[in-house]
Amino acid sequence: MEIPLKSYLTEILDRVRDRDSGAVADYIPELAAADPTPLAVALCTSAGRVYSAGDDEREFSIQSISKSFTYAIALQEVGVEKVLGTVGMEPSGEAFNELSLEGGTHRPVNPMINAGAIAVNQLINGEDSSVDARVTVLLDYFSRLAGRELHIDERITGSELATADRNLSLAHMLRSYGVIAGSAADAVTGYVRQCSVLVTVRDLAVMGATLALGGRQPVTGEQVLDPRVCRQVQAVMASAGMYDGAGRWMASVGIPAKSGVAGGLMGTLPGQLGLATFSPRLDSSGNSVRGAEIFRILSEDMGLHLMSALPSTGSAVRSIRTRGPVTVIRLQGGLGFTGAEDFLAAAAAHELTTVRVVVDMRRVSDIDAFGREMVLEGLRRIRTDGHRIAVIDPDHLLGDRRLGDGTTVEETDEVAVEVADEVK
Amino acid sequence: MEIPLKSYLTEILDRVRDRDSGAVADYIPELAAADPTPLAVALCTSAGRVYSAGDDEREFSIQSISKSFTYAIALQEVGVEKVLGTVGMEPSGEAFNELSLEGGTHRPVNPMINAGAIAVNQLINGEDSSVDARVTVLLDYFSRLAGRELHIDERITGSELATADRNLSLAHMLRSYGVIAGSAADAVTGYVRQCSVLVTVRDLAVMGATLALGGRQPVTGEQVLDPRVCRQVQAVMASAGMYDGAGRWMASVGIPAKSGVAGGLMGTLPGQLGLATFSPRLDSSGNSVRGAEIFRILSEDMGLHLMSALPSTGSAVRSIRTRGPVTVIRLQGGLGFTGAEDFLAAAAAHELTTVRVVVDMRRVSDIDAFGREMVLEGLRRIRTDGHRIAVIDPDHLLGDRRLGDGTTVEETDEVAVEVADEVK
Amino acid sequence: MEIPLKSYLTEILDRVRDRDSGAVADYIPELAAADPTPLAVALCTSAGRVYSAGDDEREFSIQSISKSFTYAIALQEVGVEKVLGTVGMEPSGEAFNELSLEGGTHRPVNPMINAGAIAVNQLINGEDSSVDARVTVLLDYFSRLAGRELHIDERITGSELATADRNLSLAHMLRSYGVIAGSAADAVTGYVRQCSVLVTVRDLAVMGATLALGGRQPVTGEQVLDPRVCRQVQAVMASAGMYDGAGRWMASVGIPAKSGVAGGLMGTLPGQLGLATFSPRLDSSGNSVRGAEIFRILSEDMGLHLMSALPSTGSAVRSIRTRGPVTVIRLQGGLGFTGAEDFLAAAAAHELTTVRVVVDMRRVSDIDAFGREMVLEGLRRIRTDGHRIAVIDPDHLLGDRRLGDGTTVEETDEVAVEVADEVK
Amino acid sequence: MEIPLKSYLTEILDRVRDRDSGAVADYIPELAAADPTPLAVALCTSAGRVYSAGDDEREFSIQSISKSFTYAIALQEVGVEKVLGTVGMEPSGEAFNELSLEGGTHRPVNPMINAGAIAVNQLINGEDSSVDARVTVLLDYFSRLAGRELHIDERITGSELATADRNLSLAHMLRSYGVIAGSAADAVTGYVRQCSVLVTVRDLAVMGATLALGGRQPVTGEQVLDPRVCRQVQAVMASAGMYDGAGRWMASVGIPAKSGVAGGLMGTLPGQLGLATFSPRLDSSGNSVRGAEIFRILSEDMGLHLMSALPSTGSAVRSIRTRGPVTVIRLQGGLGFTGAEDFLAAAAAHELTTVRVVVDMRRVSDIDAFGREMVLEGLRRIRTDGHRIAVIDPDHLLGDRRLGDGTTVEETDEVAVEVADEVK
């Protein structure tokens, strides 16, 4: 069987292909000469499967999309405290190349504007790092995020440096406020080289998925970044990634995203997937016209809007059955706060008449710390009510099954329990 | 068994009770005289269960939290087009009582600042509505959202009207730009009365949960608002609900929220729950000091950060088993995009050797339109590959089981299939 | 002989009459209906002679030109300290109806924007004054400045009040910051009535001349305002009177000026004259198109630019002659700093060989305090050098002729001295 | 006789000497190390006499005061059109080192902020000029303005260049908008060298006097700049020379002025004189504390406020006398608009009964084009009324005495006329 997602993505490309509004970026000669026609889309799932369509092998420069990853790497390498001392987290409501420094601190307001990105680049590999060493660190990280060795297009670097007055202006201003310590020329060179890394939509989808999945690269399985780092990066992308239209974007599309002036657009859906598109023509805010439209369609069709997660109509409690001297509570699905509360509420509501109570965890697909704690606390309270408790937990979702009072819950796997359920 | 959530919430209150920084709002006499000590927290689950602790029966005026609901009601009643013609969706980066009109259109930049809220209030019940009729509509909606009849504290209304110069200034400015048509005095009176509705943290938790759950009030079961309305309201809360600290709030707490000057704070976690706190002392941005701290703790402890949803480590494909002439694919958990893709990927990867293939939906807890479409398309492709397909779907999660080619998938419930699984 | 100035002014009107760009103010119904064609100019000299041409008897509402006079009256009545506590003196660089409050103090930045003018209006006749009493004070002052009894056009007042949302917005904002204490409605009514006073260009030229001449109304001779008040009003007019184009105006025209939305324009040249024009069509900044052009021509033709006063090529020392035992120093023209220094320098440079030295003041047209002090000090030093000194000062320009050492200079009027000069 | 002005100035220094608030500029190492105690004042009259007191031989770097002169030189060399295409003329209300570019054009708003000054520096000597050649042009002009050969302190240049990030930021931003074409480093170097020219207060007073006197250096007599250039420079100094306090400065001091961060302060009084002070401690706006105080005292004592010119109480018409067949009208003082109008009004008011009318110009100290035209037109009209006219004009103030009708007025010098007057 062929998986239908590729054809689904191809259909979407066909729907937007004819849109030819917008224009390629004109302030960097190398980009101004770019072919405006390529069109591609990719998505990468939490299982590391990548679906793509269109010009999905075409390489283009990552440009400002790199800001998300360099911010992540800075948080990872030097810690949130130091990063927050250098750059803020508020939306600027201004264009990408505005100065936008905070009143008192003179920090750039966020890492998604150029001033912020230049300041963040300087945090990598220490103040005394050479540009080369700094870029090497970034390129290594970017490559691990993408799962393949990425390269810098030095022609683009050269082209951008030739027209870098605005960025040099920002860098000198940052230096004048002591936000960066290195030379302005080095700061801009480091930043421009970071922007000149070549990627495909498939790379970006995987890199985005790594952010969405708490830092674990879903293809290679490597834990590249800490979950808290990824959480913060996505929050900042949500509020400031799409420049001066962040509010509208989050209301209509609802996917944290970051665009690049070469035409790339990368999005993340926390816990679920990474997305990417490529189409060089940009709107007046500097975002890819067809890319943004593809995001809109995907969000609508696939229900990816961050604010539209529909409640699970099912319960984490699959069944509570009593046969003879035993009551079996079967749990299912994910056990975060919501699932754990399902269990607690059901256990409290059900009049448990048997001495023995068994909780069957085999259909639980996932559990987090709060869910585990609540399930164990529920078990302790059931025992306090006078019952004998046990769990069926072959995957050790409950860890060492130790309760708050220091005792450990018994494990069981009785066939009788099985049958009780299946006969229904 | 007693559910341990109440004691968990009580513990949290104890952790923040001693914090006495901040001050009660002083610009409204009635609020300035308020007791600063009350402290309460509540949360409401998707199943409509409400947990609370502290002064959870204490009523206080809803104040600016009403902005979220009035915005929702306006979207519901007059439609997104007309609402967007009146008020924008971008963060202002400014204090709540700033003018913050957009350059060209003179629309208030968002409905969470006073100017925007006054303009939105005027959209309710038609331009020609009396203030009384307008407030009656709002109060009716608020009451349905809370699940009980709410009331207005006329003393607070009076106290606010006596010191309403700033709001009158905003209203006159809106009138001068044609954003509102009614008299400035009426506009402010309507807005102030909307702010004077009395609520408890339990009310706010339920009202917030209704937004989080796509508009379905989880206690009464009433579909009060459309899902798209709720999506938009939460997106705007995320970007503008906490005034000039929206970026930091979303990065550190990650829960769309709205605060009121009387000390209330209301949050929503899409698809999961509503939360609310009450503590009158405010920080310099006008947000409840202890309330914000409780949100921070809840987010951290319970893993509620919108950007930190960890990927499900389980698969929607519970098992693929072959016994004799039949292969049974058992699905589980929620089937949105992620789960559906799990199924498609597994079906594609598995070498199906039997003529008969049965997909067992009984452990699927939830499904959405895209999930349904993808499962049916997978079934069609399996059949195209030469298999006979059937589903076990007693809850009709697949609807009428009609495929893209117009045929219908057979339903089955063979015991043989059951046994194949359980023996394992 | 007929004075040629009227024909000169008539010629200027002919040069600009065909300019029909701009439009009458449209936001006040009564003004929107105004005839755009009237055209008039007037100027009033320090001697109180008024020259005018065109529709110089046509009355129109004074509008914002009143701001200059009400500011002057406030300074006169309540003192500079209290006025500066209410309104600043900096240019705003913004349109007339912008809020433009200072950051810390919330004072309107200057009295020429509406917010500032509303605040200043409230200073007249005490906080507790009724609007009627306040307007009566203003109207009385305006009438004394114009030299005839002026009246308010109540139709214009009514028309403006009907569309006063923007001003009401400003007034409520000022109230919310405690800048004004009275009701917002009263503040706006007082301000609008002040703006509805009817004047002709001849009135405005005389009123402006009074400011230019240190507060002495040149026609009636009444000292209506203090010199320091007039100095401050003109300085503020120079920096903020022409709204957002103050810098360009002062560079190209160089005459402190204030415009009104009904088409009036009033200017002052310190120490010399008042000017006024009337032509209702306004440019996008709200200034009369033809009025501004007339000012430009007058400034150019008549050398009225404040920054272009050419140095006097003559000296205040007309001659130093010795005949027999006496040296006569004849002074002429005005004796401010420059003339006095001429005298001192000449006296120091000349080798005085006679015992007697006489200073002839009869050709001195004017003297100020510094000039008097320097002349007397010069006389004292000449005497200290061993000479006998006397003055010819029939007009008592040197006052009581008392020197710094307490002695008094002798006065003389010898014919011999006369002859010494005239024979040459 | 010793002229008492030096002792007067010395007294003023004594009055402010003890003021020790403020601090020397600390962002340029060479300035931070400066001795804060020097104190000096100088003024230069229209006759080129310079009075000074205190450390009047002490050299210091001209710093931002150079902005006025470089602006003047640019206007002189490339013309007002081109200069206005590069830099505006509006006050910025911001600190000296703010970017302050105009919205649409991206021109710096005025030449007194650093961005504007850098842009103006680039206009000197052509776009392709080397920095050395450009600075040579400026230094030559500055030297002619001061009347002695000035020099650059290269240590200060070096010190400023070492901390020039802010200026480099501005220069790169200007380049990015195409406002300047040369390299950012060259632009800043040129500007910094211009700021490092060493001057004394006596130099600055003379240079300022040259601006005040229409471009004629009063000591050397050289016409260095055009009158219109000087007019524009002084207008811009008035509105933007004292940074964010321009309005207050013009209201309280009333002398167009420009300050430098090394402690210099230079002012001009159009038509009268140039002033300068030196005291290194600066207030928070970057203006010399004691320097500003000296300006305040001088303005007050000497009546130098631009807006406080008192009207001449004398008339330009000294007398109108009739003896026998001739009427003699004797004029005196300056004959600008005001004096000419005096003559016309007096001639019109006086019933001329004699055939012969003689106008005696010998006591007229000055005349401008408008004055000359009006006197001649008055003469023509007197003749038209049937009189025989003649003038006594040994200094040819009336030029070729040609009237509007092409005829020429007769000149006379009759003794009889003399006697008629002097007998009185």
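As written, the chain order gives the labels A, B, C and D, with residue 1 at the start of each chain.
As a working rule, a residue touches a chain if its C-beta (ideal position, glycine included) is under 8 Å from a C-beta of that chain, and two chains touch if they have at least 3 such contacts.
Since we're looking at a predicted model, the values are computed, not measured.
Counting steps between touching chains, the shortest path from chain A to chain C takes 2.
Simply put, chain C must spin 180° to overlay its Cα atoms on chain D, rounded in steps of 5.
At the far end from chain C, in terms of centres built from Cα atoms, lies A.
At the interface between chain A and chain B, over half of the residue numbers appear on both sides, which makes the contact a same-residue one. With each centre defined as the average position of its C-alpha atoms, the distance from chain A to chain B rounds to 21 Å.
Centre-to-centre separation between chain B and chain C, using Cα means, comes to 64 Å.
We define each chain's centre as the mean of its Cα atoms; on that basis chain B and chain D are separated by 67 Å. Among the residues of chain B, none is found touching two or more other chains.
Checking each pair of chains for touch leaves A-B, A-D, B-C, C-D. Of all the residues in chain A, the ones that touch chain B in their complex are 1-5, 45-47, 49, 88-93, 110, 212-214, 216, 218, 227-228, 230-232, 234-236, 238-240, 244-248, 250-251, 254, 256, 270-273, 301-316, 318, 332-334, 336-338, 341-342, 344-345, 347-348, 352, 363-366, 368-370, 374, 377-378, 381-382, 384-385, 418, 422. Touching chain C in their complex are the following residues of chain B: 99, 165-166, 168-173, 175-176, 184.
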